[in-house]
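Next up: the structures, one after another.
Same chain, two partners: chain A is paired with chain B first, then with chain C.
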Partner chain A sequence: MAEIRLEGLTKRFGKHVLAVNSLDLLIPDKEFVALLGPSGCGKTTTMNMIAGIEQPTGGKILFDGADVVRQAPEKRGVGFVFQNYAIFNHLSVYENLAFGPKVQGWKAAEVDRKVKEMAELMRLTDRLDWPSAKLSVNELQKLAIGRSAIVEPTIFLLDEPLSNLDAAFREFMRTELKRIQHQLKQTMVYVTHDQIEAMSLADRIAVMDLGNLQQYGTPAEIYNKPANTFVANFMGSPPMNLLDCRLFSEDGAMLLELGDAGRLTLKDPALLQAAQAAKRPEVILGVRPEAVSVVDHTDEEGLDMVVDLLEPIGPRTIIHLRQGSAEMLAVEDKRFSSSHAARVTALLPQAECHLFDAESGWVLGRSPESAVGREAA
Partner chain B sequence: MTAASETKAQAQAPEAKGAAVSPMEKEGKRLGNLMALPAQLLLVFIVVFPLLMQVYVSTTWWSPLDGDPWYMAYLSWNWFDNYAYLFEDPRLWSSIWRTFLIVIVCVPAQFFIGMGLAILFMDRFPGKTIFYTILLTPMMVVPAVVGYMFYIMFQQTGPINDLIAGLTGLDAEINWLNDINLAMVAVMIAEIWQWTPLMFLILLAGLSGVPEDQMRAARLLGANAWQRFWRIALPKMKTVIIIALVIRTVECLKVFDTIFIMTKGGPGVQTESISLFLYKATFQDLEWSYVASIGLFILVSLSVLAGFGIWYMSRQPKEPEAGRG
Partner chain C sequence: MATLELVGASKHYGTIAAVDSVDLRVEDNEFFCIFGPPSCGKTSILKLFLGLIEPDRGQVLIDGEDVTHKRPRDRDLGMVFQNLALFPHLTAGKNIAFPLEERRWPKAEIAPRVEQVAKTLHIAPLLRKLPAQLSGGERQRVAIARALVRNPKAYLMDEPIAALDARLRETTRVELKRLQRDLKHTLVYVTHDQEEAMSIADRIAIMRDGRIVQVGTPEAVYNRPATRFVAEMVGSPRINLLEGNLAAGRFEAAGLPLSLAFEGLPEGPATIAIRPEDLALHAPGAEPGLVDAEIYEVEPLGGHTVVDVAVGETLLRAHLSGQPDYRPGEAVGLRIAQQHCHLFDGKDGRVLAHAA
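Now for the complex of A and B:
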């Protein structure tokens, strides 16, 4: 049992750098949580604080309810896989795996049994006698995980473990990590800037930016219900369309004015509720490119756009649409055919549209607390 | 391409070239040899000639007092009498053992103190830069000046005795430099004082080179400070430690200036090192041919020792065949 709770966790470097700002997060037992964000968002600092490598400026870190802020790193029972693996390259693979058990004073027979068991699990058995400096990157990766896992930490922290790998091996390692997590059954915190890694691996994702938690939820929640324009833009490839527009009412109906592209009558109850929550008429309409459908002629209400560019990427085609200052992307399957400069209509399913405040960027119709996912935290 | 196959390819490259040397490469090689010739001749003059001269002189009784020039030394040819005498000369052997004693005491002392200081300086503390500068000062002082400083300090009425008197409340009037045992202690203290900073500097560089991530990883695996030092830092500093010890051992074997100023090898010959013995034999006793034989003897013995040392250090643990994934 190892549940991690962060309460108001803050880290300052010097006077001016606020690396982590009052972070609240609950990482339930045996869950795989990804800390996701761009460089400098505070995710690695957060993880270092959980491990004890870095001392927080304020706030609490609770492991199963007990505050560990004053506890030395070696006493916290945390396994840590470094970005560069930090393999003891003067030792053999066997000695690397045996390091933790040995310094913790296990019996020799027990150490030997456990090392062989872990080598089996990590598929490193035939490498045990090798000097670790001779291993390939993927083997180093597995050795780093095995070395941390062997002492059976209740919490496992991984700092961008896949970032040094090439694309093909990264995909293989992703599934491997998932398998390892299932076998080890430990609470895992995973730092990454790669949204695909986070989406495919994590049970929950905490999206961070500039030291602040932007949203915390399951991958589906983060993807489908972004809390703000940052999350909307950061998640998904291509990212969510964010269109500047104006809200106004006419004949008792709520409408969205999208510049030259036309206007939309709001019908979806959730969207209407969001529109009513708007404090000012300037809003941002968000819709995922995959939700947009592009048709030649239709009687339905849509946006009049012109095809600007087509990007065929194998199974799908990304369509760049433009009309005046309004630009958006749509994703259609590979059968889509249209030519450059063709006039088309973009249909936006309102159930999959989101409205954000143009100034703050936060989603409308939900309280920021619930949007971030603080009730979970 | 993996790194292993790269190394293999690099290793094979010169072989492939060697199979077919182009005329231009041949020409280049000849020109290179020609241009290196003056330097090589100079080297012969500087190294080979004095060495041969020494070998020649060492097989005679020749001394500058004979009135003959050195090349007439054959007039007092004695084959290997100098070498035979050398093995029976108690003064020489006691100076050799004494020098080894200085090395055996001083080098480890410098190493342990230097290592302790290096570990201390890995952490941050107030005034670190000032302490760092002060700590490095001794090794920048001319050894003869160090000798003079300690000569003053170890006087019977000197500050060391004052300090001991202050600490113990006793009337300390120890005659350090004239006591047959304490003179050596005083000399060793001066030697340790001067050269610990160099050891500290080299070891600090080595310690800073230990990857921080690996130290952190060891800590997170539960290793305490001693285990981290013993199992991670120390093995990684192996080369640096060997270099530091070799430099200091070689230098310490040559110790001269400090002792010369402090005790002149006295009282009697109680602090006479090899260098000091050779100095006296050369300038006081004027036994030049004997000194030549000692010089050659030491050169050969040290070469054998050094060769053994290099062989020992360059031993590599057997590595498995590369076959990386």
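Now for the complex of A and C:
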């Protein structure tokens, strides 16, 4: 049982660097939470403070309600896996796994049973006698995870554990990690800059930028309802389309003007509500590329676009569209299919459109507090 | 404007063949990718074109002319390396001007030419900055500008964007594709990233152990792989492989109930390959011919979802549109449609039958 609660957690380096700015975060027991953001966003500093490797300048870290800020790292019951896996090269796989339990003074029979159990879980059973130096990179990473997991920490911290692996291994290890987490049932905090890893692994994602929490929610919430343009642009491959446009009303209707690409009459209730919340006419329209449909002819209201180029990427094709200064992407779940006309209409389903304030980048129609995520408070 | 050719070219290092009897012709104005795993010989092919190494056997032709023994500088090719190799003490502008100064262009012509190339690559405002003051993507463009500036016959690039972060790679590869399209120049591009190769190339050569396994459009290598190796190398998630046996006109999969008719093929071990996006999931028993399966793991990726499906001990990976709601442990009916299956020889991996 280990719930982690961060309250106003702050870390300054010197006078000018605010690495983590008053972070509030509730990580429920046995959940897998990803701290996601670009380099310098504060994710690793946050993890180091949870581990006790770094001292916060302000705020609290509560494990099951008890403040651990003054506790030494080894007293916190936290397991840590680093990017460089820190394996004892001169020891065998067995000895590496047995190291932690032995230090903790477990009985020999108990150590043996647990090592074999962990080797089974990590699929390293046939490697137990091997010297660690002979393992492949992905086996090393599994050993590193197994070595931390074996002493049954209540909280498991992983810092970019997959970033040294090549693409194919990474894909494989992603599934492995998820399977391991299901079986270990520990609270896991996972630092990554890779949005695909965060989406595919985590129960919840905390998106950070420049020391500030941008949004906290399930992968679906973060992807489908981004709190601001940073999150919208950081998640997804390709990212969400963000189009500069202008709101105006005509004959009692609300419309969006998108430069040379045309205009859209707002009909969706949520979108109308967002438009009414706008403080100025300049807004940013956000829509995921896979929500956009590209058609050659239509009577429906859409945007007139020119097909600039096509990127076939196997199961999907990315269509690059432009008109004057407006550029947008559409993704079709078809391979090499897209024999579109040079001039097309892009249809935007309004239920999947978002409006953001052009200056602050925050989503319109929701309060910043609710946009960041209800769990954050 | 140039065609580049290798005719029966080989290059050995000791007993190791880095390039093994390669015949290759890159057409004029083509965006040509050479793709393969590490140490497959792809960079050696660039070096053969450039003249940085000489073949033990065979010829190198540029525009039909035999340049096998010509010095690199007489071949008139532009090169961009992965480690950009910018001069740290020179401004971006000076770096771009360098190849012109080296070739003693008149001073009055250098500045306008540098300006023009910088404009094409959207780096005109950066010309006075030092490389250290530029972002990774900007340095990248300066290196490309330096290769473009003297208007060589063709460009060669060796993993030029591999060091950039994922998002920047996605946008830069599109810029490169636009640039090549607008300049109408021959471009030979080496990469180990299949998505990059698929997305930008007119044609792709796939290499393994110094040999070219297949040359074709992205569509051809993806939809009609010549070997099991090619099928595995292109596509993400990786293609599903099912081992089994061909006998009496049927393929019988090992470890799962799948039997498909393939007439007139030699008997013996064989492998079925089916793309993740060609697998379909239904309710168990919803229609005839479904394989009983169980959801093993779900990876929601936003625009699409990757689902691992277990059939007994066999794991298959399915690529589904959107955000379907599956849970681990759920029972499903898996459709493995024969029309989507490639069949490869179990011994040498060559294709026996393509998907329809």
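Simple rule for what comes next: the second predicted complex is superposed on the first by the 365 of 377 C-alpha atoms of A that agree within 3 Å, B and C clash if a C-alpha of one lies under 4 Å from a C-alpha of the other, contacts with A are read in each partner's own complex, and residues count from 1 in each chain.
By definition in this document, a contact is a pair of C-beta atoms (placed from the backbone, for glycine too) under 8 Å apart; a residue touches a chain by one contact, two chains touch by 3 or more.
Note that the coordinates shown come from a computational prediction; the quantities given were computed from them, not determined experimentally.
Asker: Here chain A is shared; do chain B and chain C fit on it together or clash?
Answerer: Pair status: fit.
Asker: Using the touch definition from the top, say if A:129 reaches chain B (first), chain C (second), both or neither.
Answerer: first
Asker: In the superposed arrangement, which partner chain does A:14 touch: chain B (first), chain C (second), both, or neither?
Answerer: After superposing on A, A:14 lies clear of both chain B and chain C.
Asker: Who does A:175 touch here: chain B (first), chain C (second), both, or neither?
Answerer: The answer is second: A:175 touches chain C but not chain B.
Asker: In the combined three-chain arrangement, what's the angle at chain A toward chain B and chain C (CA centres, steps of 10°)?
Answerer: Value: 80 degrees, nearest 10.
Asker: Scan A:104 for contacts with chain B and chain C and give back first, second, both or neither.
Answerer: first
Asker: Looking at A:65 after the superposition, I want to know if it touches chain B, chain C, both of them or none. Which is it: first, second, both, neither?
Answerer: After superposition on chain A, A:65 lies in contact with neither partner.
Asker: Going by the contact rule stated at the top, is it chain B or chain C that touches a larger number of residues on chain A?
Answerer: So, of the two partners, C touches more residues of chain A.
Asker: Go through the superposed model and pick first if A:318 touches only chain B, second if only chain C, both, or neither.
Answerer: A:318: touches chain C, not chain B.
Asker: Using only CA atoms and the superposition described at the top, report the least gap between chain B and chain C in Å.
Answerer: 8
Asker: Sort out for me which residues of chain C touch chain A in the complex.
Answerer: 165-167, 170, 173-174, 177-178, 181, 193-195, 198-200, 218-219, 222-223, 234-238, 275-277, 297, 299-304, 306, 308, 319, 321-323, 328
Asker: Can you tell me which positions in chain A touch chain B when the two form their complex?
Answerer: Spelled out, the residues of chain A in touch with chain B are 51-53, 73-74, 78-80, 82, 84, 86-91, 99-100, 103-104, 129-131, 134-136, 138-139, 147-148, 151.
Asker: Considering the complex alone, what residue numbers of chain A touch chain C?
Answerer: These residues of chain A touch chain C: 38, 167-168, 171, 174-175, 178-179, 182, 193-194, 196, 199-201, 219-220, 223-224, 235-239, 288-290, 308-309, 311-316, 318, 320, 331, 333, 335-336.
Asker: Using the touch rule from the top, collect the residues of chain B that touch chain A in their complex.
Answerer: Going through chain B, the ones touching chain A are 2, 4, 211, 213-214, 216-224, 227, 231-232, 235-236, 317, 319-320, 322, 324-325.
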